[in-house]
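Below are the structure tokens for one structure; questions will follow.
Naming follows writing order (A, B, C and D), and every chain is counted from residue 1.
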Amino acid sequence: MIIDGEFRVDAPIQQAWDFLTDMQKVASCVPSFEKIEVLNDQSFAITVSQKVGPIAVTFETQTHFTEVIPPNRLVASGRGKDTKMGSSFELTNEIDLLPVSEKETLVRYKADVKINGRLASVGKSLIKIVAKREVGKVVELIQEKIGGFSGEKV
Amino acid sequence: MKRFEILDPNSIEETCELLARYGEEAKVYAGGTALVKLMKKRLVHPSFLLDLKGIQGLHFIREEEDRLTIGALSTLREIETSPLVRQRIGVLGEMIHTIGSVQIRNVGTLAGNLCLADPASDPAPLLIALRANLKVAGSGGKRTIPPEEFFSDFYETALLPEEILEAIEIPFLPQHSGAVYLKHTMREAFDLGVVGVAVRLDLERKDGMCSDVRIVLGGVTSTPARLQKVEALLKGKWIDESLIARVAMTASGEVDPIQDVRASAEYRREMIEVFVERGIKNALERAKGGVS
Amino acid sequence: MDEYSVIGKRLPRIDAIEKATGTAKYLGDLKIPGMLYGKILRSPYAHAKILRVDTSKAESLKGVRAVVTGKDTQGLLLCVIPHLANKTPLAEDRVRFIGDEIAAVAADSEEIAEEALDLIEVEYEELPGVFDPLEAMKPGAVKIHEKGNVAIHISRAYGDVDKAFQESDYVFEDRFETQAQLHCCLEPHGCIVHFDRLGTLTVWITTQVPHPYRKMLADLLKMPMNKVRVIKVFMGGGFGGRFEMDPMEIIAYFLSRKAERPVRIINTQDEQFTTGRTRYPMVINIKTGVKKDGTMLAREVKVVTDNGAYNSHGITITMGVGTKCTYLWSLPNVRYEADVVFTNKVYGGAFRGYGNPQITFAIESQMDMISEKLGMDVKDLCLKNANYGGQVTCMGHKVTSCALKDCIEKAAETVGWKEKRRTQGDRGVGMASLMHTGGGVRLLFGDCNLSDVFIKMNNDGTIDLASGMAEIGQGSDTALAQIAAEELGIKVSDVNVITGDTWTTPQCLGAWGSRELFVAGNAAKKAALDLKQKLLEEASRMLGVGVEELVAKDRKVSVRANPEKSASIAQVATACYNRGRILAGRGCYDDPTTYIPDANTGYGGVPTYAFGTHAIEVEVDRKTGRVKVLNYVAVHDVGKVINPLLAEGQIEGAGLQGLGYALSEGLAWEEGIVLNPNFQDYRIFYINDTPRIKSVMIESGDPDGPYGAKGLGEPGMVPTAAAIANAIYDAVGVRIKSLPITPEKILMALKEKG
Amino acid sequence: MKRQLELKVNGLGYSLEVDPHRTLLEVIRDDLGLTGTKLGCGGGECGACTVILDGKAVKSCLMLALDARGKEVWTIEGLSRGQALHLLQQAFVERGAIQCGFCTSGMIMASKALLDENPRPSEQEVKDSLAGNLCRCTGYVKIIEAVLSVTNTEKR
């Protein structure tokens, strides 16, 4: 499932780039984020957990930067598992940065989210709705944290 | 199903203590029809079930002054077939009749249905329309939550981790008031609604103007959606067919329907208009005829 | 006029009491000593390479007795048609749909087996998937199998199609789409497999074809057939879904070999919905040329079948569609082109009608459209082109008995066609007809269409009848009992029918192709006659009259001219016994007219044809698109009714399956994931949705059928979808060409129409 | 941890030790050997597992066995005495309401619960009471007829 969109941040492109490539900072914008371990400057072990009512999942993911073109393009991909739920999770996130002005940057993102296993078979439609909403929350937080919020909402 | 223990608390206090002690590991259990299904599918795996059925004083349907109070352990079927319910708030029984099958209604409870907070829940929108109140008990004492604040998200409620739903209070309908619950399903029975609409409409007097109205949708958004703009268009007006048709057209604009395997968002939008119209008409007829 | 004592009587099925009291044992009710419980690990990916499978943790879990992977089953390929086999029992290096089998565990309990599955580690490399057969056909599409995504291309023509189109006054071209319907047998699929230390393989299974199944197993595992015992137990429905080998059974075999214990595997609901067989979805382009007066000249049909990930019945069903599109209505010229295409979804299988519900939806919807354009009542158009006894179709099919015209007239009359058709309002009536085999075909399982029956008479005049036919709920055991009882002059309760066990029953190709009554019924009749001859010979000796003067009736053999002179059948049987003679009969039937389809023409013949017409009245809610079925009339040419109670049951049951197919059923997928793997969201009809289905049976008396009877199992759901589509058009003027015809489709079409 | 389960099934008392996670259906079938009650979908959607618990039809596949503590359960095996069939069983047999038979015990038990409560139901009431019981063979026509035929007989 592809979730894509764009948003603006009140920051020059380099500042936006620095923020978006700092996984600690980005992770702090993810509501379902639990913990992060930096393996090296390209690889991270990130644990996220998400709850929808009585159903709770915790994915321990390995995430890597697979394409880094400062300060314009970043591709990260991660995969993880919740063995208790017999489900796995994969995410590829492409981010492109375009300067709008000296103080403003346009961020285009395209996330390809895949949930496999037991979870997918029970709640594909729900997962989609929840995933879209979670991405929305992440974007909002990023906008807030990079610069003062002024961009259009997604 | 993963193994677990059943604990049998004797009181609400004890239940809350157990909830505090075990947190996410414990689940409250009454009828269990939904919970056991999730557990069998291995989507939920609690270590403890807190069986409420041993607690005295949670299993009742009674009249209290101007309202009906239903205990957390009352099954859907008991409510559906209760003469008291039929006499006082008939629409409640009508709505429950559309849920699942007799076998499920014989075991499942109204409180359990509400606590699951399934977006396609039938009772949820009707209870909001009927201005019900949910009595909640927890370690911090008791409180009352109106159902429109109770449902916070898909399968999420405003219950705190150490709280349980104790009873449901539903006020009787005043004179010249009509309530209805309509559900659009693809099958005649045993189906979740693509759209459910609950309407309670109060008239000042017979054939009078609309003094108050509540219109609530189920099955179309993450939580039941009250159509306050539509309500505002009706309040204080003499309602006729053309007004109903006009306001119904605005109904779908007030929500952003979900899309799932049961129906597209577009179809849901169309059905909101149709069923809001039918719901208001029906409720109006009942208000005029005095039938609930 | 009816001289029969048992045939044509409204009798309860002979296994009804067993079922009504809960004593009938189904697969899940059996416990074999030492039995283990198997579970299968399935692919979460629609298309992936398997890089590594590590089962070591699972193997060391307490209570786990065997673990198998693709390494154990290597080299085996499964398919009901062996030379098309491309499904490995367990994946070796690739998975091709979500649910594809990867590894399996046998343990002391299901709980332990399930836990063990979670401990198996699999490393995948995900590959892009292709889910739409039209996409999969494009050059450059992801290859699902090495040989490419098109399993077969079929091309056939009869007559001069191009010339006929030129001579046509009108040519109609339409595209129809059908969905993946599930059998939804109430009992999920399962098996118990025991490979014992003597080298005997016993399989308890829910199969429609015990004997062919036994042969498939023996061939696949290279075992002598007498070491393979297949036991079909009571089974909760078939409908074509148990007409082949499932990987599960081979997996259980390997688990049993490893553990040296019997192993049971039963699908969960989720497995049944996501990995069980389906009706093949098809895209059907149909082009028909007619004269102004309604004479049909030519038809061209192009089909793309969504085969799913592996071969099963997809190729033969698609070939069958090529046959079926030539023979309903008199058509001198037909061309057929089809592609059967792999996709990364669960694979299809046989399902009641074997392709006919799909093509009949297209043919009969289009007939309705043609009639409108010609300004003719569709009923008259159909009557004009109706098949008839003695007809030879363009492909060469020889119609024996045929009451299609009567079916059309009777359906119209019963539903109130004249008063209800083309009237105002939201109600409408529609009609559709069918032609289908009424006695199997030669297609699978060798160059025969046979069934063999043994009967032995006991001293008291009761009999034991052994047949290789499979009772799957359709009532074949009862029909065989009736036939034997009729011939021998005994009561149905005197007949003990033995079916299901390949060690104690004679050869039979099983329950499919609406062949049970026609083929096994003929065999039972022959066997009974064989026995009767011996019985009468003995009675002739006892009564001192010639055999030809004797009648067997009411448990007695009596002299026709002098009924007072008689001996009870028990007396005759006992006399036989005391003279050291055995009263036994054998009858084998293999229809004499058909043969394996010719490779070029596709023609192999059909022993007899079933016909029928359904007329349905609906009401459509224009605001919601919801359809309510008000009236359902199903008229069938059954040749001869053997048991009206059971025949009605076949028609009513098939009718409701047809309504589900028409209006609400169908798997929904997204990227290969099934979105509705349960009865809540996969909407088969419950009791509140059922209309009173009025069944009418016409007895055309087939020259080759037992008492004139022909098959009825499949026909009942063949025309339903088209009749519904036509009724909806009559009601609100929108033509829906894709199944299921959901409220949403109707509403959107109504909006478009304005 | 296993717990004590005292219950009556078809009039007979049982004292069992069961794990809390086991369903009533599993205990009836596996521990008591009463296999007339069927496991169909396992998710409360098909009704093949219907039994009567303290006079009410329930889906035993979604009920924990311990919820039957101190209760009275009736299954299909409890309906007939020897070869004498219950009127409902008789009606299902004679009216052709049975094909593959997998739904039958659930159908009969759900019908019995209805008739015990409401001896003369309307056709709609029969349908409403069987709304949770699937049958894929019969099209339900003969099932409805069978249940209604029993309501029309005087004694039951």
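The rule we apply is simple: a residue touches a chain if its C-beta (ideal position, glycine included) is under 8 Å from a C-beta of that chain, and two chains touch if they have at least 3 such contacts.
Here the structure is a predicted model, which is why all the values come from computation and not from measurement.
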Task: Most widely separated chain from chain C, with each centre as the mean of CA atoms - done: A
TODO: Between B-C and A-C, flag the pair that has more C-beta pairs in contact.
DONE: B-C
Task: Distance from chain C to chain B - Cα centre to Cα centre, in angstrom - done: 44
Task: chain A-chain C separation of Cα centroids, rounded to whole Å - done: 50
Open item on the list: Centroid from C-alpha atoms only, then distance chain A to chain D, rounded to Å. What do you get?
Closed with: 51
- [ ] Would you kindly tell me how far, in whole Å, the mean C-alpha position of chain D lies from that of chain B?
- [x] 30
Task: Per-residue overlap in chain B, given as positions that touch at least 2 other chains - done: 1, 41-42, 189-190, 261
TODO: Could you tell me which residues belong to chain A and also touch two or more other chains?
DONE: 86, 124-125
Task: Residue list for chain D, restricted to those that touch at least two other chains - done: 42-43, 45, 127-128, 131-133
TODO: Give the pairs of chains that touch; include all such pairs.
DONE: A-B, A-C, B-C, B-D, C-D
Task: Complex interface listing, chain B residues touching chain C - done: 1, 41-42, 184, 186-192, 261-264, 267, 270-271, 274
Open item on the list: Could you list, by residue number, the parts of chain A that touch chain B in their complex?
Closed with: 52-56, 84-86, 118-119, 122, 124-126, 129-130
Task: Residue numbers on chain B that touch chain A, as the complex places them - done: 24, 27, 35, 38, 41-45, 116-117, 153-156, 222, 258-261
- [ ] Show which residues of chain D lie in contact with chain B when the two form their complex.
- [x] 1, 3, 19-21, 23, 42-45, 47, 50, 53, 56-59, 62-64, 66-67, 110, 113-114, 127-129, 131-133
TODO: Sort out for me which residues of chain D touch chain C in the complex.
DONE: 29, 34-43, 45-46, 48, 75-77, 79-80, 85, 89, 92-96, 98-105, 108, 127-128, 130-144
